[in-house]
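Here's a structure for you.
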Amino acid sequence: MKQIKAKVISNREIKPSYFKMAMNVAGLEEEVKAGQFINIRVTECSGVLLRKPLSIYRYCRKSGSLEVLYRTVGRGTEALSRKRRGEELDIIAPLGNGYELPAGPEPVVLVGGGTGAASLYFLAETLAGAGFSDVRALIGARDKENIICEKDFLKTGCKVRIATDDGSRGFRGVITELFRSIVPGMKPSTAVYTCGPKPMLSSVAGISKKFKLRCQVSLEEYMACGVGACMSCVVKTKKQSGSGGKQFVYRRVCKDGPVFDGPEVIWE
Amino acid sequence: MGVKKGNSLAVNIGGIRMKNPVMTASGTFGYGAEYSRLIDINKLGAIVTKTITIKPRQGNPVPRLVETPSGIINSIGLQNVGIEVFLREKLPFLRKLKTRVIVSIAGNRMEDYVKLAGILDGEKIDGIELNISCPNVKGGIKSAGRTGAGLFAQDAGISSELVSRVRRATVLPLIVKLSPNVTDISGIAAGVEAAGADAIALVNTFRAMVINVDNRRPVIAGGTGGLSGPAIRPLAVRLVWETVKAVKVPVIGIGGIMNTNDALEFIIAGAGAVSVGTGIFVDPQIPLKIIRGLKEYLSENRLTGIGEIKGALKI
Amino acid sequence: MGVKKGNSLAVNIGGIRMKNPVMTASGTFGYGAEYSRLIDINKLGAIVTKTITIKPRQGNPVPRLVETPSGIINSIGLQNVGIEVFLREKLPFLRKLKTRVIVSIAGNRMEDYVKLAGILDGEKIDGIELNISCPNVKGGIKSAGRTGAGLFAQDAGISSELVSRVRRATVLPLIVKLSPNVTDISGIAAGVEAAGADAIALVNTFRAMVINVDNRRPVIAGGTGGLSGPAIRPLAVRLVWETVKAVKVPVIGIGGIMNTNDALEFIIAGAGAVSVGTGIFVDPQIPLKIIRGLKEYLSENRLTGIGEIKGALKI
Amino acid sequence: MKQIKAKVISNREIKPSYFKMAMNVAGLEEEVKAGQFINIRVTECSGVLLRKPLSIYRYCRKSGSLEVLYRTVGRGTEALSRKRRGEELDIIAPLGNGYELPAGPEPVVLVGGGTGAASLYFLAETLAGAGFSDVRALIGARDKENIICEKDFLKTGCKVRIATDDGSRGFRGVITELFRSIVPGMKPSTAVYTCGPKPMLSSVAGISKKFKLRCQVSLEEYMACGVGACMSCVVKTKKQSGSGGKQFVYRRVCKDGPVFDGPEVIWE
């Protein structure tokens, strides 16, 4: 974890309201794992005060380039989308725990909804590099205009399936239905990773549990500090042994996560 | 910018001697360790810990946070590890630091404060801050057996009573953190001073609300939360100025401090020290930048100590 | 976006029937004429004039204004033409408008309010707003022969007394504008309601201070001023919500309203109408944009009247 | 007075921290006078809330182009300096009374300090257009790096004199000294116009009064509304007959000004 100035290398709109931004993080000197994120100060204007957390979508240690993939949803991401090559960003990176890779050569299923695909793509790349050959990516979105990273996944050698709510591409329906439909054929050793909206994560975790697949979920929560100090970003998790009489424990998405084991999380 | 020899940022806040007047505000700097990889904590004047309670607290449901124009609203609900775990697991790290360690405490009832102060009295810490002004927990005036549902710090009599009881439980320097949600801060401040406070910290957050107009619910799960950040700075400066006129003990200025200029506003208004809260989230370097900036201000203005501009407001 | 037939923005604020709940806040819209070339004033629900006093007032020295994070501080000091010139030169223009005209009044002593209300009672206006909460003028509690230097609106007893005296002087609808600089708004609101207020407006500005660290003087010539704008919106929404729970008369929500979403926050919190103040300076079109936005919100949510979401907050 | 969307035509740094911005104000349909100003919303970010008032530096009715010349001194002007060609600005224009032209063919002296030269240049252009042939411009600044509009004035046919505090160009000393040194040679009918920092205006007004020259001063004050509604921007002026027993009258710089007759103003 380090606070550095990162120069914008490029920042372009890959499709309406989705941006890819690359920046130079040469000073980082640290291992970066898929599932980790960075916290960006997007403007000096106090009207948008907090840093904005974005998952790491790509990282190349050699060139020192780090990429994020984001959708403009409000003031902060819009300010970010106006950054141009050469401008400097104040970032804190890398943050969070990241995905834990499977122990052996198990088959892997990645289930991504919306911009959740970004961190899963980085995971797919990592898995490919580590020799995992049976990786399937399921990408879901409202419609075909909102499908991202498809080509990225294909390039890593993944098998890719698409689901759209309106059926404009691939499976018609929510991605969890597509997931549910393929799970029965999976080996019990299959590792599931999922990132996206909370109801989707909850559902993927539930299905995985039912079929006894290990599932890691990457959560999002409103964050202030990003380093575990402020207790803003908590999620209800099952109490561990030794945590007394409590029914649950609030854990920090920024520090204890953002990746949690599916069964740990109390979905509400 | 060369710093003149002899310039001194050292201050004495109610018996706590700090090498500079720049502190971190309770709840925004965790237990110190969280930020240790990002800034050199030893350079700070003092750290105030997250508020500690007797038992560990789970805190409030999420969402606990929302951004507002130039501010944030939080309702953490004092999630903390409790005094036992704090002493065992968090304090050892803090003790090793070359900065002053102030432990913030709170409870639902007056007795909780007294008990906590008693426990901390024997510990190697530099001071206690009484958080009697957190807008995000139950308790307060009602728990003192009076009518009304406000915070302890919204009632002058109750605040004084609480402070004088805690005063008897510890010889450690006692900072009392007040609430800005009051009609008249000076009476309350004078009361806690008379009851034995060694210093006063303000402001805690302002009770605030944001509504999601789509689902017609408050964005913060608990309904309301506390507003902090630059939005409240002009209110905090005014409150500190009014408080300084009412008391002799040092006042720690808090509220939306983002840079040296902001810190100087509080000091010129009369604050003996300043705490950075929300600013830490925006840029963890802010406290250290302010320390450097204050040194430069002293040099540029040919001043030998920060005391020379404390309360220098011409009005 | 087609607006469903039958959608209605009409509201009745303490006897003042407005075609929509969007007003302009006192002091930010002059006497109406100033903005008449920029917006179609006839579309507004109501105009509240700059506060009028018995004699013309020069107001405070400059600087009277400073920008702060997401806000501004002003200390105009009620510069106005006085009731005589107002009636002669300003009111004729206002009378010709197809919007409701509410005249804001203030004085240093209670008698001033009574006298002004008496004078206005015979005029063709739609209501009177009692500004008992301006932080930028002397008078207030002290002038009522009590101890303390606060505003009328910082004391429940004095506020009620003032309102009941004014109540006897006029049959016009009476709006009482309260101060946010208080520990407990609900008691004060309930008091003025009982004393005969037909509606309550809040918030007026928060007392605030900005210091120029170079010359060590307050930026506002008078020392402090009143903070307004988006910075205070979450505080104002909370205060309106608390007030609505305490009274039955309609509450006019004011504070940092910049768009439809902001207006809806106040309405969902329970406000019967909203006033735009600082927002007018930023974009004079804001009130009209909000009127359009509210219509769309009603259509989209298949509501027939704004009353259906008033106080619809689920908590 | 109208609120319109003005598209930025160009916005370039003419010297360190001085910018010239041209915008299309075709919708204005109104006469624009030298000495008037516009009020610009520089950003949607609430961290900089108020509009920023800038004098009109140039206006061409035919092309619908309006120019301002500004120095970056804070958040607002810095945000403005980042605007690029094609972006739209929300402006209210034209505002204020503007300079009153001399009645006959009198000699004219323009005394400009800092960015005050901008509105005087527009006046010089207007005077040239109206056939005034004896126009002298005195421009003052801290040093030669801060001298602006010199060529502009020359092009209108003005005689130009420069004063710098540090003597790096022209007269060494404050511009008011240069003004004082030339006044004794001026005809009594000479019209003086001045715009710049308040102490300079006060001094130019004082010298003009002594020599019985008519002097118009263009004032600046912190503004909120810009249209005369809020009473933020007042200046103390001598009471007019009929204003009762008051020692002075506060008048609005935005509406009653920004141009006042020198002797009207009470300088403090």
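Note that the chains are named A, B, C and D in the order they appear, and that numbering of residues resets to 1 at the start of each chain.
By our rule, a contact is a pair of C-beta atoms (placed from the backbone, for glycine too) under 8 Å apart; a residue touches a chain by one contact, two chains touch by 3 or more.
This is a predicted model, so every value here is computed, not measured.
Asker: Which one of the chains is farthest from chain B, going by Cα centres?
Answerer: D
Asker: What whole-Å value do you get for the distance between chain A and chain C if each is reduced to the mean of its CA atoms?
Answerer: Chain centroid spacing, chain A to chain C, equals 47 Å.
Asker: Measure off the straight-line distance from the CA centroid of chain A to the CA centroid of chain D, and report it in whole Å.
Answerer: 54
Asker: Mind checking the centre-to-centre distance between chain A and chain B? Centres are C-alpha means, answer in whole Å.
Answerer: Result: the chain centres lie 36 Å from each other.
Asker: What positions in chain D touch 2 or more of the other chains?
Answerer: In chain D, 46-48 touch at least two other chains.
Asker: Residue numbers in chain C touching 2 or more other chains?
Answerer: 69-71, 229-231, in rising order.
Asker: Which category does the touching pattern between chains fall into here: line, ring, star, complete, or other?
Answerer: Graph shape, chains as nodes and touching pairs as edges: complete.
Asker: Could you pull out which chain C residues touch chain D in their complex?
Answerer: 27-30, 34-35, 37-38, 50, 56, 58-59, 62-67, 69-72, 74, 76, 79, 229-231, 258, 278, 280-285
Asker: Can you list the chain D residues touching chain A in their complex?
Answerer: 43, 45-48, 75, 79
Asker: Which residues of chain A touch chain B once you look at their complex with the stated criterion?
Answerer: Interface residues on chain A, with respect to chain B: 1-3, 41, 46-51, 90, 92, 221-235, 244, 246, 248-250, 255.
Asker: Can you check the complex and tell me which residues of chain B touch chain C?
Answerer: Spelled out, the residues of chain B in touch with chain C are 68-71, 73, 148, 150, 154, 181-184, 206-211, 213, 215-218, 223-224, 227, 229-235, 237-238, 241, 256, 261, 264-265, 268-269, 297, 309, 312-315.
Asker: Okay, in this complex, where on chain D does chain B touch?
Answerer: Listed in rising order, the residues are 46-47.
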